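Multiple structures follow.
Okay, so chain A shows up in both of these, paired with chain B first and chain C after.
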Partner chain A sequence: MLLINRINSFYDDVQVLRDLSLDVHEGEVLCLLGRNGAGKTTTLKSIMGIVPPRSGEIMLDDTALHLLPPHEIAGQRVGYVPQGRRLFPQLTVAENLKIGDYARHTADSQRERVLSLFPVLKARLKQKAGTLSGGEQQMLATGRALSVDPVLLLMDEPTEGLQPSMIQLIRDVIIGLKKEGVTTIVVEQRVDAVLQIADRVAFVENGTVPMVVNASELADSDALINRYVGVSHQPLAHGDPPS
Partner chain B sequence: MDFWPYLLLASLEGAVMAAVLALTALGLSLVFGVMRVVNVAHGEFFMLGAVLAWWFSSVSTQWFGISPALAFTVAFIMSPLVTAAVALVADRLVLKRLNYQPEATIVATIGILYIIQQLALTFYGPDARPVVAPFSYRVQLPWFGYSGYKLFVIAAAVFLLGLVWFLLSRTRAGLLMRATQQDYETAQAFGIPVSRVYAGVFAFGAMLAAMAAVLIVPIQQAHYLMGLDPLLLSFIVVIIGGLGSLRGTLIAALLIGMSDGIISVFFSPTLAKILATTLVAMVLVFRPQGLFGDRPQ
Partner chain C sequence: MTLSALMPVLDRYFWLHIAVIAALLSLLFVLPEYHSGIMARVMVLVVYALGYNLLFGYTGLLSLGHALYFSAGMYGAGLAIRWLDWSLFPAFFSGIVAATLVALVIGSLALRTIGVAFMIVTMMFAQTGYLLILYFNEYTRGDEGFVIGQAARLIEWGSITVDLSAPDNRYLAAWLVLSLCLLVKLILVRSPTGRVWIGLRENEERARLLGFNPYRYKLSAFVISGIYAGIAGALYAILFGYAGATFASIQYSILPLLWVLLGGAGVVLGPVFGTVVMFYLVDYLSEQTSAYMLFVGVVLVVLVLVAPRGILGSLRRRLLHGLP
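Right, the complex of A and B next:
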């Protein structure tokens, strides 16, 4: 579905991704796991064209994303939830969602779908995004990405700084999208979260992906986790009820 | 004249000044806000607007023999459009190639300033030339008569500012501009053609300066060096209002324009400029984000 073939990406002269390759299967949830600074965010930015790779290829089915100008990538129905959310803080909730609609160049809006997933936003359509609570902001960031009606969804630490019920909500959304056939790449720091939602896990180390495993293999292997994530991970979260 | 009528006269002069300044400064503020480009050539777009207004209105009266009102209308439409086209060329040839880096574009727009100025000197010459006002109606107040055209300038500027407000807050183009202003990287990731937005904003900013110039040129003659004052005043307004804050820009334009007008009438234009620059210095020291700007995060 998405095939990343030996990309090399740089910030100015500093190379961050080194011959990174990754094969993402249709309809799966793939987790990127790795230490801080390993290059997870940069990988997503390279797919989005924000940090265009200097060499290598990124193929979305038959479309060469690396050859498109950055602003045409979303139009290929690639939705992006950036790390730290990156909402347009001075725009209202409704306007943020409208920006998501813009990429597809069609009049039909995903707004109803987004609002039915996140009914909380309905009451806040006229509120400035910057004044939302952290949880609401994450819902909006996710909703904005869904506005491009994605076939491929990139989520960078979508549960960062959220309370358990919110985390569960975001996970439910990811699982629901999977049922609709959406392919998702999600960067996650919390191993317990990875186990709950991922089909496969790609470890990112030093700007490359040395290994991809099935999520089930991760469950039994503390050695893998220690090698690629370091320090003993948080214990599995049990019984956070969905909100 | 008594004090109060005199103050009224001074206020009217100030309002004309404020109206024109608000339009000009809004252009500078938009370009800085959206593109982070400090456009030192902004005053030259003002000058270009004025010079082209003279050209269009004199050509259309001399060659086609149309009335001053119609000639002015031609100038008011054509001069901002041509100025916008020049800005568009400058954007594509220069700013875009510099990747809109803040420092590089300052130097580059200084270059553009001299190029436009020298072209104006070459083709328009060193003379100051008037544009005939579209009408010469005088409004007779109980204490003095006042130029109807000046009142028209105030009204036209207010109308245009309203139009800009509408464009920015109610249209799709405005939404794209605001999104780009707040986070161009994310805007691009959501399909907004940032480079086209930049080109449009730069041309639009120049167009606002040119419109202001066309309005003023029946009052103040067109001259190839006339860009300096609006540039300085616009910078003053943008700094006082807060970089990137359009509301701040408008309020500051009103403040500076009115006080400049009033102080110029009662005392001297030089004192007005001294006070304005002192105010800027105070703002920079005590409230560097401007009176209405957001605190830098």
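Right, the complex of A and C next:
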């Protein structure tokens, strides 16, 4: 599905990704786990072409993403939910969703699909996106990424700063998308969240991926979590129900 | 665009725009001749400001060189009449084509820069255009400009002749073009392309990551904005019978910015109100004192403090939330 082969990415002269390689299987949920500054977000940005790799290759099936500008990468049905949501605040909820249809040049709207995943947005369609609550903004950001009908979805800390009920909703959506066959790469800091949604976990350390394990292996290995994340596996937060 | 695609546009805000257009027409019958003359001039300049608003208010690109496209329209029409003896309509369209081509070339170069560099590059190109008009004074009559005779300002259709130098006809012609430009703009900003322009203004990176090519959309806004400036310039030359280098100067690049800011950037009707208020403010104060620009400045500062989003921008924030 997605093959990242020894990419090296930089912010100006500072190298962030070092020969990073990763193989993402079709239909799986892969979590990137690691300490702050390890290169998780940069990995997503490199896939999207925002921080294009200076060497190495990123192949989505037979398409060389590393050779394409960001807008053409999105045109390959790669959806991206960035950290901090980043909506179009002056456009309404409906317009934020509609804009994905424009990008695909199709009348085949994903709006109903998005609204069935996030029914709360139905009542907010005419509201300016900038006036939504944090959780609603995250729903909309996720919904807008879905509006390009992605085969590959990249999510950067989708549960950051959300209340427990919203976190659970976002996780349920990720699990639901997996059932639809959408391949998802999620950057996540919370180990408990990773265990709920991931098929596999890729540890990111110093700009490379030293190890990929099945999520079930992670549950039993505090040593791994300690080494790559720096904290022991903690139970779910208060009021944060398991799926 | 199909009729069904236009149907959602026919809401109460569409009728508000129609009401403004109707009000502008009715002014012809109630205003004294002096003021209807001023309003004809203002309406032509509103067309210019409408285009500027597309680029600045909707796409978020601040150009300081739009006088170039206004003067390209003005000289494209004026020179065609003066040197080629073209009749009114071919000359009008040659002005629009000239502005379109200049905007396309300059836009494709200037949009390779961003922010302050974009402002400077657009201004430098406009200054180059201004100097070219002065340099080729043999043809353009430089700073002095040239008059377009009444004979070239007649519309002849069979036995019907319309003299556009007559005040009422001039008013009606300006109103007609403004009305069309206003409605086209309303449709444009509510179209998918218009939504993408706003998306680019608000978050260019997000728009790009949804699959939009920012350069292409910015260039479309730039060129359409230039076409509006060209229409205004060509219309000005024909209705008022004059083309001069003053209209290519930096002052005419800054004026539409002020009109748009005053009326409300990113509001279709904003430039209508901004241009009228600004024009009459200058007109009134210049009758009272020779230091009128000082007072104009004070009034503008107060207006910006009271209504930082412009007249209609502030109104939209408080009352008319869906105003396009």
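The definition used in the following text is that the second predicted complex is superposed on the first by the 232 of 243 C-alpha atoms of A that agree within 3 Å, B and C clash if a C-alpha of one lies under 4 Å from a C-alpha of the other, contacts with A are read in each partner's own complex, and residues count from 1 in each chain.
Just so it is clear, contacts are C-beta pairs under 8 Å (C-beta built on N, C-alpha and C of every residue); 3 or more make two chains touch, one makes a residue touch a chain.
No experiment lies behind these values; they were computed from the predicted model shown.
Student: So, on chain A, is it clash or fit between chain B and chain C?
Tutor: Superposition result for chain B and chain C: clash.
Student: Name the contact category of A:18: first (chain B only), second (chain C only), both, or neither.
Tutor: Neither chain B nor chain C is touched by A:18.
Student: Report for A:54: first if it touches chain B alone, second if chain C alone, otherwise both or neither.
Tutor: Neither partner.
Student: Contact-wise, after the overlay, does A:99 reach chain B, chain C, both or neither (first, second, both, neither)?
Tutor: both
Student: Once the complexes are superposed, what residues of chain A are shared between the chain B interface and the chain C interface?
Tutor: On chain A, the residues that contact chain B in one structure and chain C in the other are 48, 50, 69-72, 74-75, 80, 82, 86, 88-91, 95, 98-100, 102-104, 144, 148.
Student: Within the complex, which stretch of chain B touches chain A?
Tutor: 172, 175-176, 178-179, 182-183, 185-194
Student: Please name which positions on chain C make contact with chain A in the complex.
Tutor: These residues of chain C touch chain A: 192, 195-196, 198-199, 202-203, 205-214, 266, 321-322.
Student: Using the touch definition up top, name the residues of chain A that touch chain C in the complex.
Tutor: 48, 50, 69-72, 74-75, 80, 82, 86-91, 95, 98-100, 102-104, 126, 128, 144, 147-148
Student: Spell out the residues on chain A that touch chain B in their complex, using ranges where they run on.
Tutor: Going by the criterion above, the answer is residues 48-50, 69-75, 80, 82, 86, 88-91, 95, 98-100, 102-105, 144, 148.
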